[in-house]
Each structure stands twice: as C-alpha cells, then as structure tokens.
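We just call them A, B, C and D in the order they show up, numbering each chain from 1.
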Amino acid sequence: MNLDFSPEDQAFRAEVRAWMRDNVPQQVGPSIGIPSHKETQFAWERKLGAKGWLAYTWPKEYGGPGWTATQQYIFDTERALAGAPPCGPFGLSMLGPVLMRYGNEAQKQRYLPPIARGEEFWCQGYSEPGAGSDLASLKTRAVREEDHYIVNGQKIWTTQAHWADFIFCLVRTNPDGPKQQGISFLLIDMATPGIEIRPITTIDGHHHLNEVFLTDVRVPVENLVGEEGEGWTIAKYLLTHERTSIAGVADSYYQLGRLHEAVADDPVLSQDPVVTRRLATLEVDLMALEYTNLRTLDRVAKGQPPGSESSGLKIKGTELQQAISEAQMELGGLGALPWLTAAEDVHTVFAGATQRYNFLRASSIYGGTNEIQKNVLAKLLQL
Amino acid sequence: MDFSYSQEQKMLRESADKFANKGYGFERYKSTLELPGHCDSTLWSQMAELGWLGLPLPEEAGGLGGSALDVSQICEPLGSGMVLEPYIASAVLPGRLLSLCEADTDLLGELAGGEAQFAVAWAEPDSREDPACCTTRAQADGDGYVLSGHKQCVLNAPNATTLIVSARTSGGDHDADGISLFAIDPQSAGLALRPYPVMGGGYAADIRIDQLRVGADAMIGSAGNGFAPLDAALDHATAAACAQALGAMNALLERTREYLRMRKQFDKPIGSFQVLQHRLVDMFIEVEQSRSMVMMSSVRVESAEPAVRRRAVSAAKAYLGQASKFVAQQAVQLHGGIGVTEELDVGHYFRQLSAFGSLYGSREYHLRRFAATPSE
Amino acid sequence: MNLDFSPEDQAFRAEVRAWMRDNVPQQVGPSIGIPSHKETQFAWERKLGAKGWLAYTWPKEYGGPGWTATQQYIFDTERALAGAPPCGPFGLSMLGPVLMRYGNEAQKQRYLPPIARGEEFWCQGYSEPGAGSDLASLKTRAVREEDHYIVNGQKIWTTQAHWADFIFCLVRTNPDGPKQQGISFLLIDMATPGIEIRPITTIDGHHHLNEVFLTDVRVPVENLVGEEGEGWTIAKYLLTHERTSIAGVADSYYQLGRLHEAVADDPVLSQDPVVTRRLATLEVDLMALEYTNLRTLDRVAKGQPPGSESSGLKIKGTELQQAISEAQMELGGLGALPWLTAAEDVHTVFAGATQRYNFLRASSIYGGTNEIQKNVLAKLLQL
Amino acid sequence: MDFSYSQEQKMLRESADKFANKGYGFERYKSTLELPGHCDSTLWSQMAELGWLGLPLPEEAGGLGGSALDVSQICEPLGSGMVLEPYIASAVLPGRLLSLCEADTDLLGELAGGEAQFAVAWAEPDSREDPACCTTRAQADGDGYVLSGHKQCVLNAPNATTLIVSARTSGGDHDADGISLFAIDPQSAGLALRPYPVMGGGYAADIRIDQLRVGADAMIGSAGNGFAPLDAALDHATAAACAQALGAMNALLERTREYLRMRKQFDKPIGSFQVLQHRLVDMFIEVEQSRSMVMMSSVRVESAEPAVRRRAVSAAKAYLGQASKFVAQQAVQLHGGIGVTEELDVGHYFRQLSAFGSLYGSREYHLRRFAATPSE
C-alpha cells in the first residue's frame, strides 16, 4: 500500500498546477461555486480546448489528452483547487463516452472534435414532468417518417439548454411493451424548428434550468445513436460510467479552504472553539470521502471495476457539499444575507454563501435523488 | 396552566389568516418582490387599519396594548402566507422599543397609523449579534450629539422614515451600560445607506454614520440606559420571528404532505414509500415541538425577570433555528426538481427560513446566551 | 394562555416535594436510572402505597389518591427530580386501567387494592419470540377445558417476571380467522405449576428481562378479562392510554441536572465551550419536549383526547434519554469505563453512565420500536 | 498510489481471520470473560508462536519489523472475532514504545516471546487524554528516583508483569518536555492497583503511586525525552484500535444484514421495509468510509513527520469514534429485543465499540488535536 502519487504523477500535478495558476482568469474562478456567465464559461472551456485539456477524460484519438485515470483525477483536483468551475459535463462526460461506445463512425467524426475544442455545447434531454426518479416512464414520442423522426414532447430540468447547440434526448420510439423498452437515443440540433425553451429560475436566483418543448421536430434518422430501442441501455451505461470525480472532493476542499481562510481572518470566529470544532468535523469527513474516492481511483487505474466503496461517493459527497455551504452561510451571519449582490461582493466567501447553499440543494436530487441511490444500494446488499 | 387562546386571539388569527392566505398569496408575494423596497404601501395601510401596527403599543399611546401572544397570532399567518411587509422590523421591534423607552407619543402614533416606517439599527459588523457590543459612538457636542459608526443589515432601513440607532455615549465597546438610542431622519447628512435585498425577500441596508449631528431631542429614553429596552424589544421581535417561521414551517409541512399524496412515481404515490413517510413524520414532529416553543416564548417574553425572558426566547430561537432548517431542507428534497425552482412557493419559503436562521441571533448565539443565563 | 400551575397545584407540588425530600431513601435514588434491587424497590413502593400515593393515577374508589391529571403529572415530576425510580408500570399503568374498564367487579375487588398498596407485583406477557413488532401474530394457545384454560406457549422480554406474583397475558383462544381476532386477555398466578422463568441478561449487565415458558398451565376461567376474543381491543386500549408521562421529561431533567453538576465540578469540562454548547442543546431540546408534553397534559386535564402534538412524545423522549446518557458516558471519558463497579461508585454520574447508556438502548425498542411509532404516525398523516 | 495489500499482509490477515473467527468465536469470548483478568494464557502463547507479539518490534530486537499496516491486518480480524486478549495494550503499544526508546532487548524479547505482559500507564484523572499532561513526578534520589502520582484506566495493568509509567523528571504539569518513562514491577512497594473490568471486556486498573523507589536502570530511554516516543506509540496503538473497531463494525454490518434477510414480521422479511434498508445502507457506507480511514492512518502513522502522523491518526479516530457509535447503535436497534441482550454477540460488539469511543482519545480530543495540528 502506498498513498502517494508516483513521481511521474507528481510531476504531472506540478505542471497542471502551474498552468492553472497562470491561466485561470479571475472572473472565471466562481468562488460561489455555481456556473458563471455563458461568455466567461465558454472562453474558459475554449482555452482548455486549445491546450488540449478540455476533454480531459478522452483518449487521444478523439481529441483528448489520453491521460491515465490518475492523471484525470489529478487534473480535476488541480482545476478545482485553482477555483475554476467544472466544465459542462454533457458533451464531455455524457455524450462523449456514449458516442465512443455506441456511435457510428460518422457520428464520432461529426460530434466529438468540436466538443473537445469547446466549440459546440450540449445539453441533456432526459427528465420529463412525469418522469423524474422514474425515468423509464418518459413520454416524448419519436415517430419515424421516411428518413426523419418526428419528435413531440417535453423535457424538463434541462441544464443550460439556453446555451446549447445540441441536445441528446431519450425518446420513445415504441409505445408498446415494458416501459424500459421502446426508448431510443437521439441527437437533436437545437436550431431545428419546433424547439422552444422556457427558462426555470432556481432557488439560488439564477437561470440554469429550462423546460424544452418539442413540437413536430424533424430529426434525421442518422442522428439515432445505436439501435432503435437501445436507449435505456445507453442511459444506464452513462449512469454507471463516471465514478472517480462524482464525490466532488476537490471542489469541497476548495470551498472548505476558503471558509478556513475567512474564519482565520475573523477575530471572533477564529477564537471560537465551537467554530474550530465544526470546521474540523467537516475536514475529517472530507478526508474519509477523499480516501474512499482514492480507493476507487486505484481500482479504475488498474483496470478493475469500482468496488463497493464507491457506492456511497455520491451520497456522502453531496451531503458534504451541502454541509460546507451551510457552514459558510451560518458562519457568515448577517454578512451572508444580502441577496444577488453585485459581482464584486461575491468574491468573499460569506457573500456568496447563501447562493451556494441554495444552489446545492439540487445536488442531492439530480442524477437520481439520494433516496433512489440508497434503494439501488439496498439491492446490491441483497435486501 | 392553560394552553388555549382567548377569543380575541382567535379573532386576530382568523383575520390574519384571511389577510395572508386569501388576500395575499404567492402571486401577490411575487409582485411585491418587484416593488422598490419589497414594500406595498396599500398593504401597510391595510395593516394599520386592521389595528395590527398599533397592537404592540400601549393603550396610553393610542395602541391596543396587545401581548406578545396576541402579536404571535398575527405573525404565524403572515409567515404561512409569506407576507413580505416588514411587520416585525417596522412595527413590533420599534413599537416595543419606543414603548419601553416611554418615547413621546407622536412617534408611536405615526407608527400605529402607518404613516411612518421604522428601522432599528443595532447590529454592527463586529458585534456578533450581541446588542451590548456597540462601537458606534455618540459624542456629546454642545446641546446635541455627534454620531459615528457602522451598522449592518438594518432591516427595512431603505423604507424607513425614522431610524432608531444605538450609539454609545459612555463605556467600553462591550459594555451593556452606556448605550443610548437616537431617532434619526434617514435623509440626514452624515448617513450613507447601502441598500440591498435580503435572501427570502425584504430590504435591508448597511449604514455608515460619519459625524452625524443630532439635537438632544433625538435621544429616546435616558442617556446610557438603552441596552435594557433594546434587549427586551429584540426578544419581542425574536419571539415574533419564531411565530412567523412556524407559519412557514407549517405551510411547508402541508404542501409536502399534499405533494406526497398526489405525486406518483413508479406507478404509486411517493407517499407510499416508507422512507418518505418517516421523513414527513419527522417534519411533523419538528413542527409540533416548534409550536410548543413559540407558545412558551410568546408568553415568557413578557416576564419582568430578564433572565426568564432571555432563556425562553433563546431556547425558542435556538430550537427553531435548527428545526426550521430541517423542515425546509426536507420539503425541498421531497419535492425533488420542482422544489429547487422559483416556480413553486416551496423554494421561497425555503429561502425565508434560511434567512430566519441568521436574523435576530443565530442558533449559536442563542445557545451561548441560553447557557450563560442562570435558570433560577 | 397561562404556563404556570395554579396556586392550588403549586401548593400541591410543595407538599409532594417536601415529602419526597424526607422520604426518598438514599439507596433508592438510583442515580444510574435503572431499577435497583428487588428489596429496595419493593420497600419504596410499599412506602408510597402506605402513603396512598403508589397508584397515583387511580381514582379513590380503587385505592388511588384521586388526583387530577395535573396533580399526577406534578407528582411524577417531583418523584423524578428527587431521584426516585418510577414505580413498576405493569400493575399501575397497564393492568389497573384495563381492569377498571374491562374487568368485572370480582376482578377489580381482588386485584386492584393489593397493587395500590404495593403488595402484589405484576408483569406483562405480550411479546413472543415470533411476535415482536407484529404483536398480533402471537402463538401462545389457551384451550378451554371446562372451568379452566390450559395455556401453552412462550413469552419473551418479560420485564421483572422473576419479581412478579402475577402475569397478564395475551393468549390465542381461537386459532382461526384474522390474526387480530381470537386473542384473549388472561390473568395468571405465577405460582401456577407449569410456569418456568429463564432470565435474560441485558447489555447493561443486569437481569431485568425473562423468557416465560407456559406448559399446560391451568388458569381458572374467571381470570379471563372481558370477553373471549376481546384481547386485541384491550391491548390497543392500553397502548394509547398513557400519554402524559411517556416522554420521561422529568427523569431526563434529573439526569441532565446531574450531568450539569458533574461538569460544573470539573475544572476542564466546565471551561470548554464545546461542552457548554452540548449541554445547552440537550436542555433546549428537553424544553421543547416538556412544553409539548404540557400541551398534552392541558388537553387531558380538560377532558379532551391528546392532540397531534402528543404523537412525537415517545420518539423524541427516548431519543433524548439516549442522547443524555451518551453525553454522560462520553464526557465521563475514561472514568466512565469501569464496568459493573461497586455500589459506592455508581452514585457519581460518570461511573453509572455506561450502564445507563446501555440500558437505554432498549427505550427506542420496547412498547413498539420508534420505527413502528413512525409507521403509525404516517397513517395518521394519511400517507 | 496503490491500495492493495502485499502477499505477506494477506497471509497475516488470513491467519488472524482463522484464529479469530474459527478458533475463537463467541463461546470462547464468553468463557474468557470468566477468567481472571479476562486473559487466556494459552491464547497469549499462541499469539507469540504465530509471531504476532513480535510483529511490531524491530528485527534487531528479535521482532519481525512489521509496519502499522501489517499490524492492522491482525487487529481487524481480532475485532471481528471479538478476541479479548490485550494485543494492543500489551504488545502494540509497549512494543512500539520500547522500540522507539531503543530500550534494552531483554524486555523486547520477553514481549515477543509472550513471557511478559505489559501495561503502559500514562493517563491521569486530570490529564484529559493528553499524554503531555503528566502530574506524576519522579524525583531524583541518590542513584534512583522516587515516584508519586495517580494513573487512570491503565489497560491490562492487572495482568502485567511490567508496567511502563510516565513520570515527570522536570518541567510543568502540561509540558511535553520533562517526561520520563520507567519500567516498573507491579509488585513494588508504593504501588497500589485498583483493578476493574472495562465495559466490553478486558481489565484495567487505576494506580496510586506513593513514594515508589526505583533504580536508575528503571528508566527507559533518556531523561525528560519520553513524550515524543509515548505520543508516537500511542498513535500506533490508536491506529491499531481503529483497525480493531473496523473489524467489529463490519461484523455488526454482516450480522444485521443477515438478520434483516432472515427475520420476519408482518409476514415478510424486515429487510423488505425501505426504512430499514436505508439504515443498513447508511451503516454500509460508514463502514466503507471507516475502512478508508483505517488504511490511511495505518500508512500515515509511520510518517517521520509528527504533524502528518498526528493529523492522520486523529482524523481516523475522530471519524471512527462517530461512525462506530452509529453502526453499533443501529445494529442494536435493527435487531430489536434480542439486540439489547447478552445472548447475542451483537450486544457485546456494541459494548466494545462504546468503550472504543473513550479509549485512546475521544472524538472530541482528536478533533481538537486535528484542528491544532497544522496541515503542511
């Protein structure tokens, strides 16, 4: 057993850290931990794309750097510790792996390179008003008419649909039989006539989410990924794919570090043993999560499937993100109460804390609520 | 021992229920958020007409001489109806404070009539929630005073026609003795307000006071004796805020219960899942325990014994500080996606209860104060 | 609204307090909060019985003091604050109310007075190895043969069966039909041949519990309470009967008070803000429970049924008892670790803390686990 | 980075698994509780033969030079098999301590061979878990020392043939400097042991030392420099105790899982109830996170950098202090009635984990130490 990164990996870390130090622009480092403006986010992603580091989990043949799992983890850690936001996951971590596995050659050629360069932005069309935790009961219909599908339906909770060039959608191509069957995976250009976006403002006061209405949207059949009816298999593949950064450990270290600094700067809080204890419990919990995450990384790096230790990463990770933001808000006291204040204030940890606290309530809901996660785990435990 | 409400209290509550849940509602709340200062003057006048603004004031001053328990019967419905009008900041807190200081009845009359709006400026960036910590200084100067200092998060200050400011005329920064209170026109030279909306709605301001000159008649009560009435009035405001939070908690409980019964996933109501059932039970128990604490503190805040008053109010605020966060977080969680949006009132209650946690003393402040106050 | 007891009730309280001060013997005050030896417990109960205060919830006609609900509450509070143990509940709070409502005149005459005097001790025969939370599936059979029932079966978790003169039992008199039906309520003399007691030592290291084996036990038919098949109704009556002291508020105040004193005496703990905060949270939680309990008392005193506020009393009450004992154990540090030490050590709060902590794990299990309690509440909330 | 165990470590674990779960078991545990000192000398000899007692000792001293990670591979099975033999108190802690002090090899040889039993007396009633707080004094006297003081809860003292006692030869009561270590025969005049069983099994004693005279050769290591090795050895013992607790936690998880699958109520396995399912999931997650902390601290405790070692061990003990209590409480709760009896091993694991919470530094102590130790 050896808990230290290899000399090569440490050298790699030093390289990434130096690059981040020189290249993360001040206005991109969203100290409140929620996505910033479209322009700054896109500029940052294109900068990474130009460096060849945007699609950091991809092999070289598709425009990624071809890093090992450990390098990917180190990169994401250094990104977070530099205060830079995560890159939009929809093209990178969701569609990318799907196309590499299920896409045909033409689809790979067409769609992967622009994602890796940061030139085309994707969103995800999974959830529907009646299909949240019970995703398989989705109703959006795609009816084939010659060389097109005609798509009708409604998607909801579509993150950054208003930024996106494309959406990948689960649609029902066959209304008969068990509900998991008859679902297909379609790529749709957001510029297609019949697509309407309605913004949903979330409780952090920002516009990240949308409803997407599809009315007689014509989608070329070559935009079908895999076979008709294979959509559920593809969706499940995606859900189990990403395990080494799902816990958000580095982002939590970054936020906890900012809280530590803010407390140290405060003459009263820094002398309060109750506050000291609260920060220590958060840090200890974060260490437990970190080493659990590293155990998973070690398995993945060795080409093994993630072990049972990985099961709790999302649950514990989101709980901890929420607990840290709650501590930021509460220790901020009255100073955390101003709402949606001007940008210059947001860069103190307490001023942005309330928005982060609100924003992060979604973290235990999206991608399968923590309750659903526990149902799944209970099955693994054969209950 | 008797936990029942009087006929008058039931009538107050009924009237407030009607105002908040029928006359107000989510649409009115959202449109009020569009108004400057998040304040709707027609509603304020209505509150004056209903007698609510004068409720906390003594009869001698044209008020109704209402008890804290009476006030709580207004505040709980205001909370369940998410009414944004600054009833506590602009009526309960300054009303109690002026009454306790035996301030002149003109000010009280304006308050009761709804012509004036008030804001009490006591918190400071370094005061850590303790009204005895006051670094704002009032230097005697001829027949008046010159004030300098910095006040933080003064609720309703942007709407106020009169500010009541605590400033030290003697003593050290942390002494209870030596604090005086001044009624100040917010337009005065030497005052700089930085207004902002507060999470959950309502406006506040940070205030810089720089060599502000006031006459001797600006002083409310007697010199150096401002702490006792300020502390007591803040306890009244805190008890009222707890009642208001209870209203919001109960509204969230009801909405979540309805949602669990109505919303289907996997072909059955999500309320049939045992884990969600127990979660709602936990919320229910927290609401009931919080209700007990609101009753208790609304009665005990009237105690002539400061230690009894402080322990009661601090216990209630500490308890509700935690319970309200639990109820709000679970309400959002159980509503899933729709719970984290601004489209449903659930998310707005959530923000209001989050703000409640930091206003009128955090849980940590009140636990400290509770522990530091001897029980007998 | 008025939170203070009436002048009459305050005078009553003063009277009880004075009597307790003069009459609670040192060795009865079980500072570890778990039942002491049989002899001391019985002597204490008989002392109360001689004063007429043992059956403190009973009307005068059955040998109780005929107190109001408020007086009963005050009495129990003063008993607890004096450090005296609760009296055995089986005759007093369980069988007593059952006989008063369902017993015939002969049964009342025979059994109630000795309970009120502390001369006959009862235990409860409900649970069986296969019927814990699912009490209705009990299997102990009672077959009528002329003027006797012949009882065969096994009871478990029978508290103080080894102290008891009698046991009241749920038995199955009719094996057909729905399982809630066919259950009857029988009174059995523990001296009857065919009854065998096997002790169960609990994790506090003491012997409170037993298994009771019944083999061809002959019970006269006049010992049937109510009608044959009415047992389930009677059992449910019992479960909902006692609401005003179920939370154990006063006992918790006593234990918390002892912890406060021990902390105040300790030069390190008394100066630790983290400890101060922990005690404050416990006390605040206890106040919330107390006033919720008082709301129920107020309703009962007015002849109304307990309101919805009473639903959480048992859940919150047991959680708080457990939390206080956990604080006692943890703050005791190494001083709390000696196991089953000599009696003279037990009278310091820290030395008895581990036993209390262990003993109280049962409090969230017996009388319907807290999980079962929440199931019941969920039904009340119409989920 | 590599989280896998070496072949040797796997073999150690297998052998300990066999010893603990096949050779030992609940019946042997219960019969050991009947023995004086809760100690079974045949088992102790067996441990010596297996090489476990010498495992933590350097090869120069006839030991196996095992790492803390090696030791953890013994301790986790000992925990899951509830083995009562004082492996940590009498082998790991004194073994590391003597090695770090470069004590003479005779003592180490006796330890490795199983002829001697040890106990380390460092805690005091007022030391509050901090080994630097030492009021026991060793006064130089001729060519020896005279010791006086009071030690608390000295694990295994009633069985020990040699006590290692910390006593101050210089400095103030709370100074890390000035603490010396002495090897003392427990039969010496001036020593009074008050032995008692500890919750969960095992014996300890409180020790009064009154004018105890020892020769200069009783001192282990050099005068006044005892704190550094004591602190490091205690960290080794703490890491080992965490591994042992992990074994017990995992055993409870397994037993509870089996019980949920087997036990029926309301005509179905209780494991079909969602609330109990999620509770088991919570236990499972806590066990996995605890396992990560045990791995981490078993490696980092070897760090030459005291700050790294302390942070790692304190983090692990603080985490497991809470997680073990949660797992133990839920195991009892989910077992219902049978869980609160001595008839099932569940209740015994529960008591052992309760004791673990207070031994080798409580959660509160380790959180304080963690926060007070700079991270870089």
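Convention: a contact is a pair of C-beta atoms (placed from the backbone, for glycine too) under 8 Å apart; a residue touches a chain by one contact, two chains touch by 3 or more.
What you see is a predicted model, and the numbers here were worked out from it, not measured in a lab.
Participant: Which pair wins on C-beta contacts, B-D or A-B?
Facilitator: The comparison resolves to A-B.
Participant: Hey, which chain ends up farthest from chain D, C-alpha centres compared?
Facilitator: The chain farthest from chain D, judged by C-alpha centres, is B.
Participant: Compute the distance, rounded to whole Å, between the mean C-alpha positions of chain B and chain D.
Facilitator: Centre-to-centre distance between chain B and chain D: 52 Å.
Participant: Chain A to chain B: how many Å between their CA centres?
Facilitator: Computed value for the inter-centroid distance: 39 Å.
Participant: Between chain B and chain C, what's the gap in Å when you average each chain's C-alpha atoms?
Facilitator: Measuring from centre to centre gives 42 Å for this pair.
Participant: What residues in chain A touch two or more of the other chains?
Facilitator: Answer for chain A, listing residues that touch two or more other chains: 273-274, 277, 371, 374.
Participant: Do you know which chain D residues sit against two or more other chains?
Facilitator: Those would be 273-276, 278, 364.
Participant: Quick one: in the complex, what on chain D touches chain A?
Facilitator: Chain D reaches chain A through residues 1-6, 9, 69, 257, 260-261, 271-272, 274, 276-278, 280-282, 284-285, 288-293, 295-296, 298-300, 315, 318-319, 364, 367-368, 370-371.
Participant: Going by the contact rule at the top, pick out the chain C residues touching chain D in the complex.
Facilitator: On the chain C side, the touching residues are 127, 130, 132-134, 137, 156-157, 200-203, 205, 209, 267-268, 274, 326, 329-330, 332-341, 354, 357-358, 361-362, 364-366, 369-371, 374.
Participant: In the complex, go through chain A and note every residue touching chain D.
Facilitator: Touch list, chain A to chain D: 1-6, 9, 70, 273, 276-277, 279-281, 283-285, 287-289, 291-292, 294-295, 297-299, 301, 308-309, 311-312, 315-316, 371, 374-375, 377-378, 381-383.
Participant: Using the touch definition up top, name the residues of chain D that touch chain B in the complex.
Facilitator: Result: residues 273-275, 278 of chain D touch chain B.
Participant: Please give the residue numbers of chain C that touch chain A in the complex, ascending.
Facilitator: Within the complex, chain C touches chain A at residues 272-274, 277.
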